[in-house]
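What follows is a structure written as structure tokens; I'll ask about it next.
By letter and in written order, the chains are A, B, C and D; residue numbering begins at 1 in each of them.
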Amino acid sequence: MTSPIRRIAINTGGGDAPGLNAVIRATVIAANNRGWECYGIRDGFNGILCPERYPDGGVVRLTPERVRGIAHLGGTILGTTNKGNPLHFPKQAPDGTVKEVDRSDDVLAFFAQNGLDALVSVGGDGSLTIANALHQKGLRVVGVPKTIDNDLDKTFTTFGFDTAVAFATECLDRLHSTAESHQRVMVVEVMGRYAGWIALHSGIAGGAHGILIPEIPFDLDRVVAKIKRRDTLGRMYSIVVVAEGAEPVDGHREIVAPAEVGHAERLGGIGERVAKVLQERTGKDARVVVLGHLLRGGSPTSFDRLAALRFGAAAVRALEEGRSGVMVSLAFPNVAYVSLEEVAGRMKAVPMDSDTLQTARDLGICFGD
Amino acid sequence: MTSPIRRIAINTGGGDAPGLNAVIRATVIAANNRGWECYGIRDGFNGILCPERYPDGGVVRLTPERVRGIAHLGGTILGTTNKGNPLHFPKQAPDGTVKEVDRSDDVLAFFAQNGLDALVSVGGDGSLTIANALHQKGLRVVGVPKTIDNDLDKTFTTFGFDTAVAFATECLDRLHSTAESHQRVMVVEVMGRYAGWIALHSGIAGGAHGILIPEIPFDLDRVVAKIKRRDTLGRMYSIVVVAEGAEPVDGHREIVAPAEVGHAERLGGIGERVAKVLQERTGKDARVVVLGHLLRGGSPTSFDRLAALRFGAAAVRALEEGRSGVMVSLAFPNVAYVSLEEVAGRMKAVPMDSDTLQTARDLGICFGD
Amino acid sequence: MTSPIRRIAINTGGGDAPGLNAVIRATVIAANNRGWECYGIRDGFNGILCPERYPDGGVVRLTPERVRGIAHLGGTILGTTNKGNPLHFPKQAPDGTVKEVDRSDDVLAFFAQNGLDALVSVGGDGSLTIANALHQKGLRVVGVPKTIDNDLDKTFTTFGFDTAVAFATECLDRLHSTAESHQRVMVVEVMGRYAGWIALHSGIAGGAHGILIPEIPFDLDRVVAKIKRRDTLGRMYSIVVVAEGAEPVDGHREIVAPAEVGHAERLGGIGERVAKVLQERTGKDARVVVLGHLLRGGSPTSFDRLAALRFGAAAVRALEEGRSGVMVSLAFPNVAYVSLEEVAGRMKAVPMDSDTLQTARDLGICFGD
Amino acid sequence: MTSPIRRIAINTGGGDAPGLNAVIRATVIAANNRGWECYGIRDGFNGILCPERYPDGGVVRLTPERVRGIAHLGGTILGTTNKGNPLHFPKQAPDGTVKEVDRSDDVLAFFAQNGLDALVSVGGDGSLTIANALHQKGLRVVGVPKTIDNDLDKTFTTFGFDTAVAFATECLDRLHSTAESHQRVMVVEVMGRYAGWIALHSGIAGGAHGILIPEIPFDLDRVVAKIKRRDTLGRMYSIVVVAEGAEPVDGHREIVAPAEVGHAERLGGIGERVAKVLQERTGKDARVVVLGHLLRGGSPTSFDRLAALRFGAAAVRALEEGRSGVMVSLAFPNVAYVSLEEVAGRMKAVPMDSDTLQTARDLGICFGD
């Protein structure tokens, strides 16, 4: 486990997040400063497992020159994907049916054959679970947490989250004037399937009047009451932020988009439903804006760039110190390392005793409870 | 008509646009510097026609102090509305039915009774038509053009358009990295019911690969071919900007959202439809983002602030010079005045010989034709 | 100490910082939600101690209406000042000489006479020392930390710092292209008299090649060597960030701006000196940009808005819980309260074992040591 | 002159400006779509005249792939320089003295030897004069105007100017809150040696109270009076924008920085002097901020990107149509072509009858006259 390192690989998996390129850059430069070579795997593990898709190589040399000037760019120069989990890799049988097979040994074999001594794996819960499995099988692996939803446990924050919150807040700023000029209810749907961090932070920073998050089942009649109270005070508009995973309290199932909606759901089922109900029950004109993919892109904020660069450099130091099976974590003021075992499958929801939540309540923001 | 002015009013009508407050500020300050008082009418003409809705007054004094620090704020401190056209004002009969009556005389009477000598009316085609009617009836009126769609004739541009293009371009920038990382087709719907200016300008500036505008009926198979051509060059993602008023060529009516869609249409019927067809025909994952209301809000760009301030100051100078029935127009490098008669009901579409359109074609952007 | 609160005051002292208005807003709204009245003291304590300067009142009622829409605005609606410390207040004797007197009793008397039960005091080290003194004399006081330099101990961060880093990073981004196109050395001076946080964070995020901070005495010959090494690699430009308090190692005193420079020093003495020496010793064209006051203004980032709103709400909760003599502190993930006694006069420098510093070194950034 | 084109070159000269890369991109793509090859000359004409400096080639092939994703980047991938005018090229004699020689024939020879049929030359007044000379000698040349100062005649605007104005305006926005909180006079020096466009546009958009431009000799006592008038109205701060080329009226020569200042002058001689005098004469605390190089960098605004892309595409169309010796010009709503002869050596100052200037006066802004 502690043989000297000469060559490492890095990959990025799961959804796109601002800061991925900064992690890559820091990893490559820090490795190069130690005399190590660094290679990038394309599209998660597909660069290794489906080499035929990559005429120019599924695993590419990353020199300092190759990663110049990328720290402030969104996206990932390596590509990313939600398909191609090596533990459950789709394989077509001769009869045309597709079943999932475990191809983690192919990944290990590739590392061995190419003299790759370790892997820096950047991704969310799914990617870190894979990283842990590879570690269990003997690969040296350090994970870097990535989720713009901020729902990963054991780290105070991840890169990408601040950028998403900043852009959502800017959008809320833009909507205030229009909502006020036209005396409308504006419903803004943001990401957050399992946790309401983006909705909570951007909603407070952007001056929303209601915030609906997965952690707090909502009763829209409370939101309606809030909107009407504002009207009586002469504040004839309201802005409600809704996390995509927010759900009504029992007995209000009509508000949830039915499962069969399919494609349209991607358009923001819950936001649309909430807007419709609020329009009916307040008598006011209500509109919905779905921020969706806009939150994943863009140049990372300086906060996220720094976090991502720190993560990449820390991953290299972790390998240098002989660590494996750990995730780099932000534990203010410094980074720390936590066992991948501890992280996998654990979610970080907004705690009910969070002072941030209390701040929102102190400001009079309605959570529908 | 040329009696000295002591007191003027200003109103804002139609949809919200970044820069309205800058027009108001410039009008108030420039009027004040001439010793005139300035009053603001709330919500189009509703401040005059429905005074009962405004406990604090439907027409309010605007002092320089009142308009301090508002030039960079979105929205309008006066409010705006699409309802309340004095030429067709809704009136409820005793039997409960509603019919439209001409209440322009009530507006004129209000001006006479309150010693208001002139009106600066800021708005789009509808508002300028009203302004012209009031001028015909003897009111001194100067119009200021407002449309973020840039579809007003007789002026090179209006305030709000640059801000909308800038934000749409920023959104396109954000989507590039995500679309590329995930190898997707991204369809971005922007405003532009009758003219494709926002789609054209932001599409070129934001590096879109396809642009669909009302001026050019589109055949999606040409867009599909463009996307496939990009794939063969290894550029596995594409971005298509769609103006909300874009329409397919005859025989492809299935792409248009059916009229009965209603509320959902506000979510961006055409963008959703285009994404669905592109996904089916390219086999690629396609997503839609509807920018809609986000384009109306926000702080105006420096370009729009300057244009708006110039318009407001020019409106006051026009009144000082004894003009009425004119609209302030941007005729580079200076402002000019054009007759409201000439403007009303005229639309400015993207001309087919525009060098901007030619630039897009030179860059290989596909218009579906 | 624990009598019920009905009326509180808030003031802001020291240098301007983005987020002050958000603190004020949260304090006012949270207090109002508890049935308390809130009053704002103008310009530190001057509103109390020099009432003659404020015809409209040196202490003003702050209603929720008064603090609407201010959370995203820079500056402070109350004003701020570095002059007017009540512990050392300037007093003119009959013979014209000025000496400092302790006027803290006047502050306490004002609170007593006006039924003000507590003070929320927002400021840096100086303001918190005053707050502590007032607390010692029996006033209920809660402090809110403010310093864009991030040099206050016992809190992970303060509002304003993220905004300053974000803007400095944006400026570095802008300078890269120009520096590269013209093959120049660009020296960028940022705030940080006693601690190099802004320089360190923005320098890493903005891709600087050298960072000079007060914590690490610098030898410019090392920076010269770094620049020349870049040249040999074909990277013909370099960017060096300098904190205003950075100092050379002993024996290089010629680089420090002489004390008598006075006014010019405000222009950025150290940056100018560093640029001059680098130009002489590298033979390259070197330029200096002093960001100074630009870092203090502007709309707070969403991170700073949220931090400021949390601080304001937490200050009100602290008073509600009967606390006094404490400062609100950010101790991720929640706020905490620390004794003002512990905070006063303590500085937070960049620790030499910080992983952020290590990240910079891993990226090859030169600190001149 | 009208032989078919197969191969063209492009270069960029003079100071850096946001949008240069967009011109390059549009030129390359538009040329490629016509089946032409495109080559880029490094650092003005130095890539041809000093090939020894460029181990990787002073003239490089520009493929569509090479110019992907550069339209929104500041700077120029080709480099630029103010040194290396081929008409006055520095040559070292054997005795060590340097004199200037005309090397334009070397440029023409290079074009002939390498089968380069035409040149797109992007630059300011100096570069366009060179372009014209090369055209006179028989080279096919189309010029593209570049100046962030907006001081080129015969075009309504150039790319880079809008970006510079936007950033200067953002800086003014940031300074308002700080200036107000501290009751200061803030002097902001911006580019504009011969024309005050940036100062005028940003000053109006950014709400400055005074604007000093080269076109209007200033008397600081008038600015002092304006500042004092604001004080009496309770507006205790003022912001004054100064173009670097602004000059006092006769008899106030003490305000101009003496010629011998040299290096310090680059720090903003005139802004510093103006701040010093205003501080002395108003008794208020005055500070200076020099924006300088910050205005040259950064990502171009959507307006500038579009203008630059239109210019690049139009240059290619001009060559296709057989034109030479012309400059592409923005003549709203379309581009036009004007003779380089007409342009060379002509400056566009702010006209005294400009409605923009009149707007500033209507808003009460003081020009010191």
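What we mean here is this: a contact is a pair of C-beta atoms (placed from the backbone, for glycine too) under 8 Å apart; a residue touches a chain by one contact, two chains touch by 3 or more.
Just so we're clear, the structure is a prediction, and the values are computed from it rather than from any experiment.
S.K.: Which neighbours do chain A and chain B have in common?
M.R.: Both-contact set = empty.
S.K.: Taking each chain's centre as the mean of its Cα atoms, which chain lies farthest from chain B?
M.R.: That would be chain C.
S.K.: Distance between chain B and chain C based on Cα centroids, please, to the nearest Å.
M.R.: The computed centroid separation for chain B versus chain C comes out at 41 Å.
S.K.: Report, in whole Å, the distance between the mean C-alpha point of chain A and the mean C-alpha point of chain C.
M.R.: 32
S.K.: On a C-alpha centroid basis, what's the spacing between chain C and chain D, in Å?
M.R.: The mean C-alpha positions of chain C and chain D differ by 35 Å.
S.K.: Got the chain A residues that touch at least 2 other chains?
M.R.: Those would be 170, 173, 176.
S.K.: Which of the chains touch, listed as pairs?
M.R.: A-B, A-C, B-D, C-D
S.K.: Inside the complex, what are the residues of chain D that reach chain B?
M.R.: 26, 29-30, 33, 69, 71-72, 156, 162, 165-166, 168-170, 173, 176, 201-202, 204-207, 301-303, 305-306, 309-310, 313-314, 316-317, 332-335, 351, 354-356, 358-359, 362-364
S.K.: Using the touch rule from the top, collect the residues of chain B that touch chain A in their complex.
M.R.: Interface residues on the chain B side: 15-16, 18, 20, 73-76, 79-81, 167, 170-171, 173-178, 180-183, 186, 263-264, 266-268, 272, 276, 287-290, 292-294, 296-299.
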